[in-house]
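Before anything else, here is the set of structures, which you'll find just below.
You will see chain A twice below: alongside chain B first, and alongside chain C after that.
So, the complex of A and B:
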């Protein structure tokens, strides 16, 4: 688990690094909404647009698959579950379990959609500093009544700091348990117990130390409002992103393909 | 009340948001709705943080996922996920944590009452998730229950047992 890097920011000089976080957030929201109903052609269009940006981050398809292998396995299981549960025309029957054409198509489509959502999410996380995300949350929530936007923004920022801390503590605890021959213990309940409780204890103590550190630095919620970085291409990206979403929505309409039939 | 006392619940809530995110990555796909550990941490947040901070914690978790960070089950994210078949389970976390926290706060923190609070929270979770799944897939009630409730009951019993033990271990560590 400690090797999971879905959240990690990667320093870089790509155009996405400099893009205004608010535009990036809007684009991610729009794409994830359109992907929810996207067909194969719309998914392909989305992949062709997003992939060059992941390549610019040094994440080619093979590296992306290697990095997301755990999640891809999950998607394959999910697609397989659909292939055997969705009723339709059977293409293969093993021990009474039927794999249907419709189920396979639906499962693959859902898997592809989820993979794209993951890819976009990873790209977003890799090109966005946690501090920028905090600022964006504060900016978006400011007009919402009864929502303490500064507190919410701080919670987001703290969560993003805690996430890698939990993973690294989990690695350390697992190493410590293994060093005491914990890995040879056969009872899985005891294995989980000896990993989980020390981990929770350590993370709670870390949270307490953080409270003291924040207090020692006289932390208050009344801080200077964040300044946003611009690279001057925000309108271009917003326009292109909206165009892509509109094109994907059209490609996903059955009526569009009826024109060509 | 010292400044640390006012900061502490917020920091603990942020810690639970991170734990829910980690729990979401441990997913076992058994159909349209995967088995995930995130609901155990959601209900645990209700037990430990209470109704107010528990609900705030889950709201922030949903907000992070909506913003695009891959924190939903299996590393997914986005508004599309909320409107998807499993969106009801995500939205159901809010009443679930609220009810768990409220039951725990008003009934007390004994072993039996903790279990009762978590069962009440689970009922709220499925009370939103199953009808949502039924509408999303146009299923009958029987099919919706077979896909969205029955496969998780045994796992939920184990999660409740685990969460109650964790709550009893964590509570003494937390400073009021």
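So, the complex of A and C:
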């Protein structure tokens, strides 16, 4: 698991790896929506259900925190901002800035919700091949009128493929610039000229080569429809996921009304 | 005399700066192993892109089985499989099996047939053990074999390879030569564009030499052209320069 990077697919044989991508997508969407209004108890319930799956992937809480440390810092900043801006009962006052009990509670809750969404997202990405994601996008968009679902699906797939390639090229270009003491000059205009423009040029050339390679293999939009993998537990997962979401919604009724009041 | 598969007739492709290819005329017959040699910038890549109708000529024509290659692009691209120089930008899928399936999916082949053909091709190219691997994690030689598998699965009559030995180490180059020779022995027509002829010259049945101005200047059996290579900016194989016969692995 040492090589696992944020939001990258990790080959494996867990039950989530074999689960139909459409069911996984629906579950992730449902959980994310319910988390939007979830209270502390609902978040805890969600964590207790999701955490065993992340552990099965080798992502223990300490590893998750280590991998998401930048994001967690952002969440702490968000919580702190809420703590000092939401009016309520003050628990601490520093130089005229008051930290309120309600603000701290709201900020922490928002942070916990975002953390859980990230955790679910990481689990989804780690157990889902990008090709399956493309197939799911195509399947979900098929009934939508005026949307070329095959083209959109291919664009998603190419973006997922090209993003790491662009990052790798950016690293190579930066290394080449730094090897000639480019890092000594901090002028942002120079950085754009000697880093961004060459990277952009390389990316466009790569995209052009990719288009030619796809043309050479008869690329059309009238392609064979994607195949979906099943492990026979889709109904069970869908039922259990719906149950969890319903339980979280019930536990979150207070938090839900809090949004309107 | 068999009928030619491909006829290239006075093909010219001029770029804005005056470079390009000029008045290329030749015919390709079934089962040939053609080595298209020339220095960098001689127009090898431009010429082979025309074979696949990926670019349009300034003048001239290429006919595949008597019909212009631009008349039916799907037929042309299915019949002439092209392996590009940079395997990384040719690979579109995130697993080896999906990459091989890409061409067949484009041809709207039924899923069951795709599975069958992909399995056959992966086994033939000795890639079956890597079928679930991400192509970006493969070695240079494996990537090149994958690129060939990606077009072989479409049952082409001609395989065109653009600088297949670029960035490959010696063992990977040797493996690739073995694969290409096996394909040729089994009846596949091969056209290979390269400026490094040492690895394959003894396997090729015919050699076309392009000069730095994009003209086809020599066409004949490789053993007869060995002495002309250096004149056109192509490195003469070591065995030929030293007056030896071809080393055993090449024969």
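Following the convention adopted for this analysis, the second predicted complex is superposed on the first by the 240 of 261 C-alpha atoms of A that agree within 3 Å, B and C clash if a C-alpha of one lies under 4 Å from a C-alpha of the other, contacts with A are read in each partner's own complex, and residues count from 1 in each chain.
Note that in this section a contact is a pair of C-beta atoms (placed from the backbone, for glycine too) under 8 Å apart; a residue touches a chain by one contact, two chains touch by 3 or more.
On a predicted model such as this, the values are computed, not experimentally measured, just so you know.
Enquirer: Of the two partner chains, chain B (first) and chain C (second), which one does A:156 touch, if any: first, second, both, or neither?
Expert: Only chain B is touched by A:156; chain C is not.
Enquirer: In the superposed arrangement, does A:129 touch chain B (first), chain C (second), both or neither?
Expert: After superposition on chain A, A:129 lies in contact with chain C alone.
Enquirer: As a test of reading the superposition: which chain, chain B or chain C, is in touch with more residues of chain A?
Expert: The larger set of chain A residues in touch belongs to B.
Enquirer: Does the superposition put A:219 against chain B (first), chain C (second), both, or neither?
Expert: both
Enquirer: Look at A:71 in the shared chain and tell me whether it touches chain B only, chain C only, both, or neither; answer first, second, both or neither.
Expert: The first partner, chain B, only.
Enquirer: Please work out whether A:227 is in contact with chain B alone, chain C alone, both, or neither, and reply first, second, both or neither.
Expert: second
Enquirer: Touching A:82, do we find chain B (first), chain C (second), both, or neither?
Expert: first
Enquirer: Just checking: does A:210 make contact with chain B only, chain C only, both, or neither of them? Give me first, second, both or neither.
Expert: both
Enquirer: On chain A, which stretch or stretches are contacted by chain B in one complex as well as by chain C in the other?
Expert: Correct list for chain A: 158, 160, 165, 210, 212, 214-215, 218-220.
Enquirer: Can you tell me which positions in chain A touch chain C when the two form their complex?
Expert: 9, 11, 129-131, 157-158, 160-161, 164-165, 206, 209-210, 212-220, 222-225, 227
Enquirer: What part of chain B is in contact with chain A in the complex they form?
Expert: Residues of chain B touching chain A: 2-4, 7-8, 10-15, 17-19, 21-22, 25, 27, 29-32, 34, 56-57, 59-61, 63-64, 66-70, 74-81, 83-84, 147, 166, 169-170, 173-175.
Enquirer: Within their complex, state which residues of chain C touch chain A.
Expert: 49, 52, 54, 73-74, 77-78, 81-82, 84, 86, 88-90, 92-95, 98, 102-111, 114, 132, 134, 136, 150-151, 154
Enquirer: Quick check: in the complex, which residue numbers of chain A touch chain B?
Expert: Answer in residue numbers: 1, 4, 6-7, 24-25, 28-29, 31-36, 68, 70-71, 74-75, 77-78, 81-82, 85, 114, 117-118, 120-122, 124-125, 133, 136-137, 151-152, 154-156, 158-160, 162-163, 165-167, 196-197, 200-201, 203-205, 207-208, 210-212, 214-215, 218-220.
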